[in-house]
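First chain A sits with chain B, and in the next complex the same chain sits with chain C.
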Partner chain A sequence: MKLYLYGIINSSDQIKEPIYGLKGSNVYNIPFCDIGAVISEIENPIQDVTEGAVLEHEAVVEKLMANFAVLPARFQTIIDGRDSLLSMMQSYYRDFKGNLERFHNKCEFGIKVIWPADKVKANILKVLKKDEQKILESDNSSSKRFIKKKFEGYKIDKEFEAKADKFIKVMDIFFSRFAAEKKLEKLKTKNLLLDAVYLVEKDRENDFREAFGHIKSGPLGLKYLFSGPWPPYNFVVLSKKSDLLRDSEQADLFDKVTRCQALAGVDSI
Partner chain B sequence: MSNAVVKSKEVTLLEILDRVLDKGVVISGDMVISVADVDLIYLGLKVLLSSVETMEKLRGSPFISPMQEAK
Partner chain C sequence: MIMNSVVETDSAEEFIEEIEKAQNALPKKIDANPKTVEKGLAKLVLTLIELIRKLLEKQAMRRVEAGSLSDEEIERVGETLMKLENKMNELKQIFGLKDEELNLNLGPLGDLM
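Then we have the complex of A and B:
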């Protein structure tokens, strides 16, 4: 039997309320030391990535988020049985613990900001042309005109980026005050000015929303997409690549698991 | 269902896909059964859904919180 992984939680206890996962399967926690892997049993990997399956996965992770710190697993993470799951938990234990501590009582918010790139560039060009006119009037040499032409495109791009930086800086000042961590991506496409995610403490959620409200109602005239609270998908950092266990480590594995279970008060897994 | 609500739900789905298919804990190694198709499907969806054109279509309606809308 394969195990479908929804996420890692900061608890080795069984989940109290019943949660149903993919295809209505029963979701439960497999403890490892003081953390747990939340899984359901699955016979075969899902062949089709359907909207329904993705939503079912996300629904489980969101339910977990209500009661635990959770590291959401990527969709379609399927482990080849319990022994493999325990090997994986052992390999990643420190990483998982570190992330779970960072995420304690926090959630993720996403902010996308769209600006009218063509309009912005047109305005920049207008200003440049004005300056150019002044220069041409004072110095109408052909070499000067050539250089101006040559660098016009470059200047537009440079000014475009500078404007983007300026807008992002203003917005980020508002949001960063209430965020523990952030990731910002500038100009993913020319219209997508900012694609940002912020990790926010749950008790600062309202402050963060208010900050967004201020920005949204401000004079910048941009379009916004605000989403959340999310499980912290964007902030999971795993430093350790999963290694195949060496023989000696393999031999120690079950001893360690047994010790962990004893510490956690779990009889069997 | 109003057009704005439909668009809002599309945005919600895009946000979910962007996270669930591409982010979070990614385990590598022999213990994990890899499903390589997910990457390809994700790539296709990303191109389809997060293109500027798609975002531009949403400009007609106000960007309210899609999570709130979905719940």
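Then we have the complex of A and C:
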């Protein structure tokens, strides 16, 4: 029997209300020390990725999020069996624990912003034409004309980036006030000005939404996509155990893990 | 199904289009099979050359902007870059490659093109 993993939670206790996962399977917590892996049993690997299955996975993670700090597992994370799961928990215990502490009482929001790139570029070109830098005294040779054309493109791109930075800075000032952590990606495509995720404390959720409302109704004239609250998919940081631990610490962890492992996996819910 | 999460936008289709573009900017797998191995290798090599060419071009533009090139130097740099670009276009044509295929994810710097 394989185990389908929904996420790691900051509790080794039973999940009180019943949760049903993929194909109506019973979801339960396998404790490991003071954390737990939330799983359901699965006989065969999922053949088809359907929207329904993805939503079932997401619904479980969101239900967990209501009561616990959660490290959401990627859709279709399947583990060979209980031994493999416990071995994984042992290897990553410190990482999991650190992330769960960071995520305590927090959730993720996503913000995407589209701007009219072609219009922005056209405006830049208009301004550049007005005060064109006289780089070439005469442009009668093909190589100078080539450089002139390239230089124009270079100036447009540079100004385009600078404008993007400026817009993003304005928006980020609003959102950052209510966020514990953030990840911003600029110009993933020329139109997708910003693709950002913010980690927000649950009691600042409303402030964050309000900040978005202000930006949306503001004078920037951009298009927005706001989403959340999500489990903190984009903020999980894992590092290899060997990089994290010195020998002495490994010994400590091993002792702790061995004690915990003896208790783990017996009282699944 | 999903409890509290919301997705709010007035421009869903535009966002879907842009997200798809961002995801498709790079091939998910390298297509390496006996029939396409030559093209695959050419693509890899040309991508690297294109990266170097773009860096050279950018450096030249910075120097032009700073005004640190004389008229003769601009002439020379222009000729070199132009020839390099023409040669790249020839090679792309020979191997049937388009500009958007010569892309490279430069990690935190973003994509090459």
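FYI, the second predicted complex is superposed on the first by the 224 of 269 C-alpha atoms of A that agree within 3 Å, B and C clash if a C-alpha of one lies under 4 Å from a C-alpha of the other, contacts with A are read in each partner's own complex, and residues count from 1 in each chain.
Rule of thumb we're sticking to: a residue touches a chain if its C-beta (ideal position, glycine included) is under 8 Å from a C-beta of that chain, and two chains touch if they have at least 3 such contacts.
Quick caveat, the model's predicted, so the values are computed rather than measured.
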Next on the checklist: Quick one: is A:I114 in contact with chain B, with chain C, with both, or with neither? Answer first, second, both or neither.
Outcome noted: both
Item to check | Which superposed partner A:V236 touches (first chain B, second chain C, both, neither) | outcome: first
Checklist entry - So, does A:P72 touch the first partner chain B, the second partner chain C, both, or neither? => result first
Next on the checklist: Quick check for you: in the superposed arrangement, does A:Y154 touch first (chain B), second (chain C), both or neither?
Outcome noted: second
Checklist entry - In this superposed model, does chain C or chain B come into contact with more residues of chain A? => result B
Next on the checklist: Per the contact definition in the header, classify A:S143: touching chain B only (first), chain C only (second), both, or neither.
Outcome noted: second
Checklist entry - Can you pull the chain A residues that chain B and chain C both touch? => result 55, 58, 112, 114, 189, 191-192, 223-230
Checklist outcome for this item: Per the touch rule, the chain C residues reaching chain A in their complex are 1-12, 14-15, 18-19, 21-22, 25, 57-58, 60-61, 64-65, 67, 71, 74-79, 81-82, 110
Next on the checklist: For a test of understanding, state which residues of chain A touch chain B in their complex under the given definition.
Outcome noted: 2, 5, 7-8, 45-47, 49, 51, 54-55, 57-58, 71-80, 84-85, 87-88, 91-92, 96, 110, 112, 114, 189-192, 223-231, 233-234, 236, 238, 241-244
Checklist outcome for this item: Per the touch rule, the chain B residues reaching chain A in their complex are 11-13, 15-17, 19-33, 35, 37-38, 41, 51-52, 55-56, 58-59, 63-67
Next on the checklist: Considering only the defined contacts, which chain A positions touch chain C in the complex?
Outcome noted: 55-56, 58-59, 62-63, 66, 112, 114, 133, 135-137, 141-147, 150-151, 154-155, 186-189, 191-192, 195, 223-230
